[in-house]
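One chain, chain A, links the two complexes that follow: it is found with chain B in the first and with chain C in the second.
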Partner chain A sequence: MSLAQSIYRNPHWQLVQSQWLNLVRLPSYSLPTLLFPLMFYSFFGLVMIPGQSLWLLCTFATFGVLGTALFAFGVGVASERAQGWLLLLRASPAPVNAILAGKAISAMLFAAITIVAMSWLAALFGDVRLPIGAWVSLVLVLVAGTLPFCLLGLAIGLWLSPNAAPAVINLIYLPLGFLSGLWIPVPALPDALQTLATWLPPYHLAGLALHVTGALPGPWLVHLLVLLLYTLIFGFLAALGWRHFTGN
Partner chain B sequence: MKHLILIFVLIATLAILTLLLPTPGASSESPPVVSHFAIDNVRVFDGHQVIENATVIVQDGQVRSVGDNETLSAGVERIDGSGKTLLPGLIDGHAHSFGDSRIDAARFGVTSLLDMFTAPEQLLPARQQRTSLDRSTQADLFSAGILATAPGGHGTQYGLDVPTLDQPDETADWVAERIAEGSDYIKIVVEPLGGRLPTLNAEIVAALVEAAHAHGVLALAHASTLEDATMALNAGVDGLVHIFQDQPVPEAFIAQALESGLFVVPTTVVLGSMLGAVDGSTWLEHDHLGPRLSPVQRQSLTQPGWATSLGQQRWPLVLANIQALHQAGVPIIAGSDAPNPGTGHGISVHHELQLLVEAGLTPIEALMAATSVPAQRFSLEGRGCIKPGCRADLLLVSGNPIADIEATGAIERVWKNGQEIELAYIAPPTEAIGRDEHDLLAPDERQYWQAASDQFMGGKSTASMENRESGVLVQGQLLTGSFSPYSGAMWMAGSGAMEAVDLADRQHLSVRIKGDGGPFQLMIFSGASPGAMPVMLDLVQDDAEYGLDVELADLALLEPGHFRAFGIFATGQPRDVEFEIVEARLE
Partner chain C sequence: MNTAIAEFDDVSFRYQAITALDGICLRLPAGQVTALLGPIGAGKTTLIKLLLGLQEPHSGHLRVLSGNPRSLAVRKRMGAMLQISGVPGTLTVTELVDLFASFYPNPHRTTQAIEMAQADELRHRRFDKLSGGERQRTLLALALVGRPDLLVLDEPGNGLDPASRHALGEIILAQAAAGVSIVLCTHDLDEAARLADQVVIMNHGRILSSGTPDELRSSIPTRLIRCRTGLTMASLRGLPGSRHVDLRKDRAEILVTDAPRYLRALLAADPMIDDLELGGADLETAFMSLVDQGEEKAA
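Showing the complex of A and B:
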C-alpha cells in the first residue's frame, strides 16, 4: 500500500475530505464567501478609493477570512446539529476532532483562495508590489488567523438553532467587519468607533496583516496576544457549547 | 482519493500563485522600467568613504554594483563622471512637508525628508509610495505627523488641528493615535519660550518617550535651552531636533548624551537665519541654483528672521555647541527646518552642510550627517548609501565636495529610484483670466468679492460684506487669536475659490478705501502652490482714505502667471472694523 493510499484510508483524512466536499458542494456557501470579499475589495479597494490598495487589501482579506470561518462553522454546525447528523457522528466511532479539523482545514483553504485571489487583484489592478516574504507572511498570517473565527463560528453553531444561526452570523459578520475598520480604515472612523475597534478581534488580525506587509508597522505582539486571548475565549465558549449540545 | 489529490493540488497551486505575486522592481503589469545605466570614472561618496574612479551601475531603481569598469550589454547608457562626484540622495533630517515641498526637495538632490510636523493626511499614502521603486519626482517622506505639545503651546499656532496633552496618562493613547495615522516617530515640543508659552512638563515628556519606545519608534524633542534639552535627555529621548543656544554645552550634558546614545539635528541654517546671522535670500542670486528655485522656495528663503542683538550673541554658541558635541562623538544629523524663514526645501540642506563644516565638521563628516548617519539612526534601509542593493537615489555634482563642501550645490543630475528627474522649476500651466472688466467694482465683478478673516487660519476675527452702489462695505471685528489677525474682503481672480489664472496683459493694480483707524494691508495671493504666502503691502493713508497703486512687475515674489486673489484687510491691533472699498482696478 502506497503512502498516499494509507493516508487516504486513514479515517481522519476521510473526514477532512468529506468536510471539504461538504463545503465545495454547497454553492450557497462557497460562492458568496469567496466572491463577496473579492467583489467588495474590487469596488472599494480598487475603484472607489484609489491609492490605498495595499491597506485595503489587508483589511478586506481579513474580512474574507472572517466570512469563510464564520459561515463554515456557524451555519454548517448549526444545521448539521439540527439534522441530527452531528449526534449520529458522535454515536459512531468516527473521531469528532477530525470532523472539526476537517471543517477548519476547509475554511482555511477557502480563506487561502480568497487571500491569494485578492492579492492578485491588488497586484494587477492596484499596483501593489511587496517583497516575496511579505506576500507569503500576509497569506500565512491570515490563514492562521482563521482559527479564532472558526471557534467563534463553532460556538455560535453549537449554541443557536439552525434558524437563528445564519441570522446571528450575518448580524455579527457585517458590523464586526465595519467596526473593526475592515471597510473603512480605522484612522478614518470617528473617535468613539476607533476606541471600539481596538476591542474587536478582526481589528487585531488586520493589524497583523498591515504590519507584515509594511502598510502600517505596528505593535504586532499586542495584536498577537489579543488574538490568542480571543482564541482562548472562543475556544472556551465552543467547549461549553459542546457540553450544552451533548447534554441535550 | 481523487479529492484528496485535488486538495493537495489546490494547496500547491495557492503556494505557487503566492510565490509568483509581483515584487518591487519586478513589475509584471506596468511597462518595464527603463532604468539601466552606468556612471564611469566617477568619484563616489558611498555614505561612509570615498571611492575614486569608480563605475556605478544602476538597474531597476537600485544600485547594482560599485566598482571597476564592467562590460555591459549594448544600449545601456554610459555617463562619463570624470571630474564629478556621485553622492547618495541627501536626507533632510528636519523638514516640514506641505504642498510641493517634496518636489522642490528632490530637484535639489534631497530625496528623503524626515518631517517633524505636518498634516497627517499625507502620511499613509507617503508610506506606500516610499516602499516603491517606481518612477517618482518627489522626495520620499518620513514623518512625526502631529507633534506633542501642551494646550496653547508651540505648534498649535499654525492652523492645523493639533490634539494636545495635559496629563501623563493621556500619552499612551495619544502616541497610539499618531502611530495609527502613520507617524514614523514622535516629536515632543519642550518650548516655554522664556515662560511665555505653556509647555509639556517632565512627567508628560517621560511618559511620551516611554509610549513611543513601547511602539518601537524614536522619540525626538524640540528644545531650545540647555534646561529644556536636559529635561528631554533625562526623559530618555533619542534625539534633539534643534541645538540649544542659550549657553555653552556643559561636560555633564555631553557625558550623559554619549551614554544614552543621543543624536542631535542642530538645524544650524534656520537658527542662523532666525538669529540674523545667516541670510538665505542670497541663494536667489546663486548663478547655478538661483534660477531653479520655485516661488515657494524663494518666498521662504527671503522671509526675514529676528536679527536681534541677542541673536548676534547666540550665533557663536550655536556653532560652538555643535562643535563640542561633534568632537565628543555625539552623532550630528543635517536638517534644515524648511520652509521656516530663511530656508527652502532642498536648497537649505546644502546650506546646512556648509554651516556644519563652518562649525568644525570635515566635509566627509558633514556628508555623513546627511546620508549614513540619519539612515542608520532612523533605520532608513537602502538610503544614504551607494552600495549594491541601495535605492538609486543619486546626486551627481561637478567638482569635489570632499575638498570643498560648496560643491554639493554644483548639482548636475539627480536620480530618484534610478530615474532622472527634471531640475528646473516648471510652473503648472494656467488659463488666462477670462474676464476683461478692469473695474473690479463693476456690477459683473461684484460676485467675485467675498468677506474674509483669519478664521480660515484658526483665528477669531470676523468680517461681513455688503454691496453698495458706491463700493463694497466691510464690517467686522479684529480679534487676537491667530499669529496675524486680519479682517476684510477679497477679490478672486478665477471662478473657483483661490483658483490660479494667468493675468496676461494686466500690469497695474490700484485700490482705494474709505475708513479710519488703520493699518490696512493689501495682500496679493499668487503662485503655483495655493499655500504660498501672499505679498503683503501697507495701504498709504491720505486723509480719510487709504490706497495703493502697484506695478505688478515691481513685486519680485508675485507671479502674474498664477494670480489667485487679492484682499484688503484691516490688520494690527484688535478693534472694530468698518471700511468701504471705493476703487479697485486691475489694468
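Showing the complex of A and C:
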C-alpha cells in the first residue's frame, strides 16, 4: 500500500476529511460563519471606525472564531445526535476521540480561513502592517483559542435538541461577542460592562490576540489562565453531556 | 455450527424506573439468521444496544463473539444497521462507505460493499438526495463493508415499499448464505418467518418463546379470517385452532394459528358463509390475543 493510500485508509484522516467536507458543503454553516465576521469587520473596522483597523481585526477575528466553533459543534452535534449518526459511529469501531477531534480540526481550519481572509482585508484596506511573526502568532493564538468554544458548543450539542441548539447558540454568540468587547472595544463600553467583560472568555482570547499583534500589550498570562480555566469548565460540561448522551 | 455467536445469561437492563430487559437468557447460534420479533417497546432495540456494546447490562452476563461487546476487538467483527434518520447529508455514498471501511482491519472494497447492498447506481449521489429505500441500502452498505461476522439489523424494512423490502430480504439471505450470522429486529411476522432460522418472540422485556418459523406458526395466531356468518360466538370459538373471536352482528373476525384447518371446519359448519377474507394478523393483534387468552384462563 502506498503512503497516500494508507493515509486515505486511516480512520482519523477519514473522520477529519468527512466532517470537513460536510461543513464546507453546508452553505447554511459555511456562509454565515465565514461571511458575517468578514462583513462586520469591513463595516466597523474598515469603514465606520477609522484608525482602529488592527484593534478591530483582533476582536472581529475572535468573534469569527467563536462562531465557527459554536456552530460547528453546537448545531452539528445536536443534529447528528438526533439523527442517530453518532449512535451508528459509536456502534462501529470508529475511534471516539477521533470523531470529536475531527470536528475540532474542521472548526479550526474554518477559523484559520476566517482569520487569514480578515487579515488580508486588514492589510489591503485597513493599512495594517505587522511583522510576519505577528501575523503567524495571531493565527496560531486564535486557532488554538477555538478549543474552549468547541467544548462549549459540544456541551450544548449534547444536551439540546437540534431545534433548540441553534437558537441557544445565537443567544450566546451575539451577546457574548458584544459584551466581550469584540464589536466595540472594551474601553469604549460603560464601566459596568467593562467589569462584566473581564469575566467572559472571548474577552481574554481577544486580549491574547491584541497582545501578540502589539495592538495592546497586556497581561497575557492572566488571559491564558482564564482561558484554561474556562476550557476545564466547558470540558467538564461536555463530559457530563457525553455521559448523558451515552447513558453510561 | 454449534458455537454461539452471542450468549445472554440472565441479562437485565433498566431505563430509570422502566425495566427494558428482564432476565434475558438467549443463545444465538453462529451462521444463522435470528429474528427478534415483538411489538414496539418489547425490548428488542435495547437488546441490540447491549449486543453492540452501546450499553452495559445492569445485571447478568453477556458474551458476544467470545468476548465483551464493548471491546474494540469484538466491535471490529460486527456491522450494524440501526434505525437512524440521517447521516451527514452532504457526503456521497462512496464517501460514507470509504469512511466506514477505514474503521475495520480487513474491509471489503468500497465498490464491492456498495454492490452487495445493491446501491451501485447511488455511488456518487449525496445521502440527503436519496429516497427512503436508497438510504436503507446505503446504511446496509455501511454495515457490510467491515466484513462482519455478526450483522445486526434493527427494523431494516421500516418505511420501505414492498418491492424494496423484498430486495432487502434477498440481500440479507445472500449474506446468511455467505456464512454471516445475522440478528434481525422486526415487528413484521412475515418478514421474520421468511428470513429467519430462529425466531425469538419478545414482549415487555422478556422472551415469550423461541423456535423455528414453523414452530412459531403453530404457537401464535398468524392469520386473520374475516367473514359474515350465521354462527354464534360459541360455535366460532369451538372450531379448531381459533385463538380470538370478535363478532359484531353477523361480521366475525377470527384469529387462527392454522388457517386451512379452521377454514375447512368453518365452511362445513356454515355453508352460507359470505364475504370471506383471509389475511395476515399483525403482531399487536396476535399479542393481544395471547394476553386475552391468559386472562380468560385466569378468570
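Methods note: the second predicted complex is superposed on the first by the 247 of 248 C-alpha atoms of A that agree within 3 Å, B and C clash if a C-alpha of one lies under 4 Å from a C-alpha of the other, contacts with A are read in each partner's own complex, and residues count from 1 in each chain.
In this section, a contact is a pair of C-beta atoms (placed from the backbone, for glycine too) under 8 Å apart; a residue touches a chain by one contact, two chains touch by 3 or more.
A quick note: this is a predicted structure, and the numbers were derived from the prediction, not measured.
Student: Look at where chain B and chain C land on chain A after superposing the complexes, then choose clash or fit.
Tutor: Chain B and chain C fit side by side in the superposed model.
Student: Which of the two, chain B or chain C, is in touch with more residues of chain A?
Tutor: Partner touching more chain A residues in the overlay: B.
Student: Please work out whether A:L21 is in contact with chain B alone, chain C alone, both, or neither, and reply first, second, both or neither.
Tutor: The answer is both, since A:L21 touches chain B and chain C.
Student: Between chain B (first) and chain C (second), which does A:I113 come into contact with in this model arrangement: first, second, both, or neither?
Tutor: It touches chain B, and chain C stays clear.
Student: Return first, second, both or neither, reflecting whether A:P11 touches chain B, chain C, both chains, or no partner chain.
Tutor: The answer is second: A:P11 touches chain C but not chain B.
Student: Counting only touches as set out at the top, which of chain B and chain C does A:V186 meet: first, second, both, neither?
Tutor: Only chain B is touched by A:V186; chain C is not.
Student: What is the C-alpha-centre angle with chain A at the apex and chain B, chain C at the ends, nearest 10 degrees?
Tutor: With chain A as the vertex, chain B and chain C sit 170 degrees apart.
Student: In the overlay, answer first, second, both or neither for which of chain B and chain C A:L216 touches.
Tutor: first
Student: Mind working out whether A:L130 is in touch with chain B, chain C, both or neither, as first, second, both or neither?
Tutor: first
Student: Looking at the overlay, does A:Q52 come into contact with chain B only (first), chain C only (second), both, or neither?
Tutor: The answer is first: A:Q52 touches chain B but not chain C.
Student: How far apart, in whole Å, are the nearest Cα atoms of chain B and chain C in the superposition?
Tutor: Value for chain B versus chain C, nearest C-alpha atoms: 10 Å.
Student: Could you pull out which residues of chain A sit against chain B in one structure and against chain C in the other?
Tutor: Shared contact residues on chain A: 8, 13, 21.
Student: List the residues on chain A that touch chain C in their complex, please.
Tutor: Going by the criterion above, the answer is residues 8-11, 13-15, 18-19, 21-22, 25-26, 79-80, 82-85, 87-88, 90-94, 246-248.
Student: For the complex, give me every residue of chain A touching chain B.
Tutor: Per the stated touch rule, the residues are 4-5, 7-8, 13, 17, 20-21, 51-52, 54-55, 109, 112-113, 116, 119-120, 123-124, 127, 129-132, 135-136, 139, 185-187, 194, 214-219.
Student: Within the complex, which stretch of chain C touches chain A?
Tutor: 15, 52-56, 72, 75-76, 78, 80, 82-91, 95-96, 98-104, 139, 142, 146
Student: Could you list, by residue number, the parts of chain B that touch chain A in their complex?
Tutor: 1, 3-5, 7, 10-11, 14, 17-19, 21-30, 124-125, 127-128, 131-132, 134, 177, 179-182, 214-216
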